[in-house]
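In what comes next, subunit A is part of two complexes: it sits with subunit B in the first one and with subunit C in the second one.
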Partner chain A sequence: MAAVTQKTKKKRTFGEWARSRDGQKVFVMVAFMILPLLLLFTFTYLPFAEMFGFSFYKMKYIGERKFIGLDNYIKVFQRDDCFGALKLSLYYMVGSVVQLALSLYLATVLSFKVKGGNIFKGFMFFPYLINGIAIGFIFKFFYTRGFVFDTVLQWCGFELENLPYWLKDQSINNISLVGTSVWRYFGQNMVLFIGAIMSVDSELYEAAMLDGANKLQQFRYIILPSIKTIITLNVILSITGSLSAFEPPYVITSGANGTGTYFVIMHEIAHTQQKVGLASAMAIVLLLIIIAATILQKLFFKYVFKSAEDEDLNATAKRDKKLAKLAQRKAGR
Partner chain B sequence: MTALQKIWKYLLIFLKYFSLVFFSFVAVLPIVSCVITAFKTDTEYQQTNVMTMPESWLNFDNFVQAFQKANMGRAFINSTIVLVCVLVVSVFVGTQLAYVLDRFKFPGNGMIRNLFMFASLLPGVAMQVAVYQIMYNLHFINSLFGYIVMMCGTDVIAIYIYIQFFENISFSLDESAIVDGASYFTIFYKILLPLLKPAIVTSCILKAVGTYNEYYSANLYLQDKKTLPTVATSLYTFVGPLGSKYNLICAGVIISLLPALIVFITCQKQIYSGLTSGAVKG
Partner chain C sequence: MKLRKVLALTLAAAMTFSLVGCGSSDDSAATTEETTTEDAAAEEAPAEDAEEAPAEDAAAEGGLTYGSITLGEDYTDITTTIKWIHHKTDREEDGTIANMIAEFNKVYPNITVETEGVTDYAEDSLLRLSTGDWGDIMFIPAVDAAELSTYFVPYGTVEEMDQYINFADQWKDAEGNCYGIGYMGNAQGLLYNKAVFEAAGVTELPKTPDELIAALQAIKDNTDAIPLYTNYAAGWTMGGQWDAFLGAITTGDETWLNQKFVHTAEPFADNGDGTGAYALYKILYDAVAQGLIEDDYTTTDWEGCKAMINNGEIGCMVLGSWAIAQMKAAGENPDDIGYMPFPITVNGQQYTTAGPDYCYGINVNASDDNKAAAMVFVKWMVEESGWCDFEGGYPISKTAPTSFVFEGVNVVTNVTSLEGEEDFMNEMNSESELSFNAGGDAKVQAIVEAAATGSKTYDEIMAEWTEAWNAAQEACGIEVLY
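Entry: the complex of A and B
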């Protein structure tokens, strides 16, 4: 019997196969996946491969190209403006640390009962929804000599003569730019953290309160351990983000007065000077750095949390005990 | 409770509200200053300090002028076309892909997922050097259609939201439909897609915000600013000779962020939850 069915299966014509379940499955899979994969390859992997190719040529967008081997890569490391620009990332890294700490604090405050909490949350989140160009204009206006920021500082008792030019003074302009980036994203980070904190079992707080833990201890022993994944993720994202910082200088100062980050310089080399090969090499170099940084961080956090998790076993055991105690007390009442 | 503890407690409460008020102030100050300036006439803007209130809150001249000068009517039409097309296409493409990746086991399933993950690691700005060439060869420069096709591309976060959602829909639903003789298309469109609605709303809001605010590619590929401005790029009109008329610029900025503000006020909850669910997996 089995042999017979086997035979009929083999003899199926293509039309029959197409109408069968298996045929349908393949058909659906192809129909549903062809478009996304096509888009992915045309706009991500094809340009990626081409960019890799470009990086070995001396070329413009249109016209002749000349193979020059690794010269572009050597240039990336030799030119001051290329590699030196990576130093600016440090400003952005410091900024993102400040941003994470600030949003974590605000998220913790807002997760407990606060009057008007939603309004505060809305105010602080809204900057995230503004488009980059508008932000550029808003902050050009904000930082102009004698305008918004200076006026507010004068209200606080500062003298205008003592204030620097926020966007021109090379000792401070990068900090001003980082400030705009913190302004834009701290509310978004805060909302992420609030989401994570809200997913913590609320019974844990009750148990902690019964045990007489204060707010700081609650934060240290309940909130922090339960949202460490999302914090880790954000730290990784912010470091890669700092390496590829682009928007604030691009829209506010166009990279003038020593604010050009690596990507702003790359953008200029690619589109104004049209040195496509060199720009491609810059992109590949930074990509390698980013991948290396991501892997290193993942390993680092894995190592740190591995030892932390051993401790955590104790912590969870303790937590379970506390929960059990709480249940007993509740039942006893 | 001793007196000291009481003082300590009230101090903490004070600090809490002080920090909330302070950072909310910091967050809205740049925007509020823009609103104030947008209502000022030219002479008022030149003679008064930026933080003095305008004489009349009904002076809408700047808004009208900014709207006309920056061709914002055209920009809103273009942005709406882009937004609708991108949302419709990316919802279908995203849900279909997530359906296949979650429901079918086939060699290469994991690899496709990884391809999408790795794609999100590549910095977009850096790739534009080569994407520009491809767009050029496809004759997609200065074409709204081309820009839309490019924007429909991969969105890992949306795909992950969908996959996560599919994982929570029991497979027995599919099986019973298969027993009833339904085709895979029917199962997807008639049974699963309606169930996916919350995930679709979430990812749509995220994608809409991203698309509406996108300016880098729009600036690069829609170079004809007269006929092809989007709301974000229409603000480029104010770079150059108009660059110091901040009362006009501020009005333009305010107009451009009004839609975002309206969406934010009406869909606050979905935006927050969308962000959170996108971040947990992404």
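Entry: the complex of A and C
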């Protein structure tokens, strides 16, 4: 960069240029950029590129590698366990919908004046702060026959004989695992939603109240459009998260008993079976699936929220328009 | 790649220099003047400490062997720090390892031993090994025999090592060098509670699968104990323990596991007489199907089971002899813990195999001083520390005192693979994804699941295994001979 500048501005020597404002600007820019970029490259892009390379080889962690072209990718699509595991993601996706609905509901309630609101926020956010592995161990005991969960249910009048085995029964063990993930993440979603809702101009509520809008209408016409960006973001994160669910099944059931998600299977193939190439190919395929899912969601939300895309620029104008519409409708009634 | 190597080298160099610094200041305080000067010489030119003893001479020149070391006499002049990574986190925590090192330092005060207990050893150690940054001594993880010389120092030839230790051929390369020495041996059998068996009216130990199932049934009928605790949830307690009976115990043939298995067309076929791999895993399937295991296998608790068997809440568990010490220590009834040969009888004879647990391996890239110090330490651990016996293990050293008693059975060792076929088992394990004796827990867990839910019959599972095995034989180009 320095050399180029030297050529174009022949009058100044390099030393002068370096001391000048322009030169200093460039130095500062480079100095600030180089470290994060280097870290990003070394720890994200370089390993990723290596993994992409691995996916074309038949290889173990150590020992010789053999180039086999696309064979690994073909195997990913041929094997039952790889895509069979993706079916489990449906459980997690349904869970994430429940989780988002729950957190949106609680966020809306808590963003109005509620007694002890901050305490509730704290309690509900707390699970997110616990380490995922610890949560796994907590729930292992939680679901153990006759332990915490069964005891609580017995207080509520259930008989132990009528209760299912939460982790043993293959028809519900995935639901149990999804429950732990919902429990862990809904608080975090809720806090994000509360943050977004807080940014809504409170005059809008007053205006709406004057016009006789009830709480549900306030939510539908004021809150929801105002926080759609953050909703979109949370949905995308949740769906991506459900495709790559790992911690609950890995720690609680170690992926056994029909709870092995795509990630757990991948881990097993890479580390126990030592088929590193195949596992790398699985990772790439999952990445493509996630990208596809993200694009689909983007399109979906574009459709749902239609023209409201450029909210940041003329949000107030649009809100006014909406309020006017609302008022019109009221008047018309 | 290059950048990484340079970084690693720089780090390693920096660490080595700092260690050398520590070592020399320590030893000048601890030893006499004479040795200090010798030390200095040794440090500067480790390959040339020629004039001392002839044996050491050869050793320093690259002829370092296990047999040539006389503990307490050789290499007392080395001052260095060696690092040992191991999987015995429990012994790290309870101070056993620190005590042994303290004992070692009474003989070799100048060799400082640093240790690191690694929790997820089987996986982490492989990663550490491939980065090269792991220290001087490690317990050898699952590496191919052909790779041994890339990573580890040979202790001597297997033939020579046979004089000193059991299982010298566990880690040998094509040239017949021995690269690993076990820290203890494991004999394979069934861990049981004597009091529970007595209360159930089982007076004679079962010798066949049918007798075992009958005994378990008797425990269920006559006591409150869980007849067979699977330890399903822990994972390693399934594959790691059940697979260990493959080979001589189930077939009576010492060559089966490492020489014939990979070449067998139908290793999981029903022999009809309660022997073979078929009979082995069928015990588990039958026990689960007949409700002879714990109520909820998905939430078994490994730490909790130790106290349970000690207190007579469990009839038996499938675990190697290494577990005896832990079970005895877990409660007030150590004398109730018993260990019996595995109930499979081949032609009227019961067999048990004994083999080494993890084996000490020495880093081939360490400095000559560290190699020598590491080998001295390994020899001391094997011959003098008494660790093996402390753990209740089958003896490794042929001369160290032992208290292991296992009567009435034929103790054999599964013969190692044929020359040139050392990697076949690893390849087959990886290709078939059954991973026998190599972390293949999922397949044994699947047996429990199938038996509990009735989703598959035992014969269907065995047919699947056979199919995977045959496909792998084809993919690896391994001839079917049996």
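To be clear about the criterion, the second predicted complex is superposed on the first by the 296 of 333 C-alpha atoms of A that agree within 3 Å, B and C clash if a C-alpha of one lies under 4 Å from a C-alpha of the other, contacts with A are read in each partner's own complex, and residues count from 1 in each chain.
The working rule: contacts are C-beta pairs under 8 Å (C-beta built on N, C-alpha and C of every residue); 3 or more make two chains touch, one makes a residue touch a chain.
Not measured: the values here are computed from a predicted model.
In the superposition on chain A, A:L90 makes contact with neither subunit B nor subunit C. By the touch criterion defined above, A:A101 lies against neither subunit B nor subunit C after alignment on the C-alpha atoms of chain A. Contact with both subunit B and subunit C is seen for A:Y61 once the two complexes are overlaid on the shared chain.
Once the two complexes are laid over each other on the shared chain, residue contacts for A:P36 go to subunit B alone; subunit C is not touched.
By the touch criterion defined above, A:L210 lies against neither subunit B nor subunit C after alignment on the C-alpha atoms of chain A. Contacts of A:L167 after superposition: subunit C is touched, whereas subunit B is not reached. When both complexes are overlaid on chain A, the residue A:L70 reaches neither subunit B nor subunit C.
Touch criterion met: A:Y45 reaches subunit B, while subunit C stays clear of it. Put subunit B and subunit C next to each other and count what each touches on subunit A; the higher total goes to B. When the two complexes are overlaid on their common chain A, residue A:L296 makes contact with neither subunit B nor subunit C. Shared interface residues of subunit A (contacting subunit B in one complex, subunit C in the other): 61, 141, 147, 271. Contact residues of subunit B toward subunit A in the complex are 12, 16-17, 19-21, 23-24, 26-31, 33-34, 37, 49-51, 93-94, 96-97, 99-100, 104, 106, 112, 115-116, 119, 121-123, 125-134, 136, 149-150, 152-154, 178, 183-185, 188, 209, 212-216, 220, 231-233, 235-236, 238, 246, 249-250, 252-253, 256-257, 260-261, 263-264, 268, 272-273, 275-276, 279-280.
The residues of subunit C lying in touch with subunit A in their complex are 123, 126-127, 129-130, 143-144, 146-147, 232-233, 235, 295-299, 301, 426, 429-430, 433, 435, 438-442, 445-446, 449, 452-453. Residues 60-63, 140-141, 143-145, 147, 165, 167-168, 170, 173, 253-258, 260, 268-269, 271-275 of subunit A are the ones that touch subunit C when the two sit in their complex.
Of all residues in subunit A, those touching subunit B in their complex are 21, 24-25, 28-29, 31-33, 35-37, 39-40, 42-48, 50-51, 54, 61, 102, 105-106, 109-110, 114-115, 118-120, 122-127, 129-134, 137-139, 141-142, 146-148, 151-152, 183, 186-188, 191-192, 194-196, 215, 230, 233, 240, 244, 246, 263, 266-267, 270-271, 276, 279-280, 282-283, 286-287, 290-291, 294.
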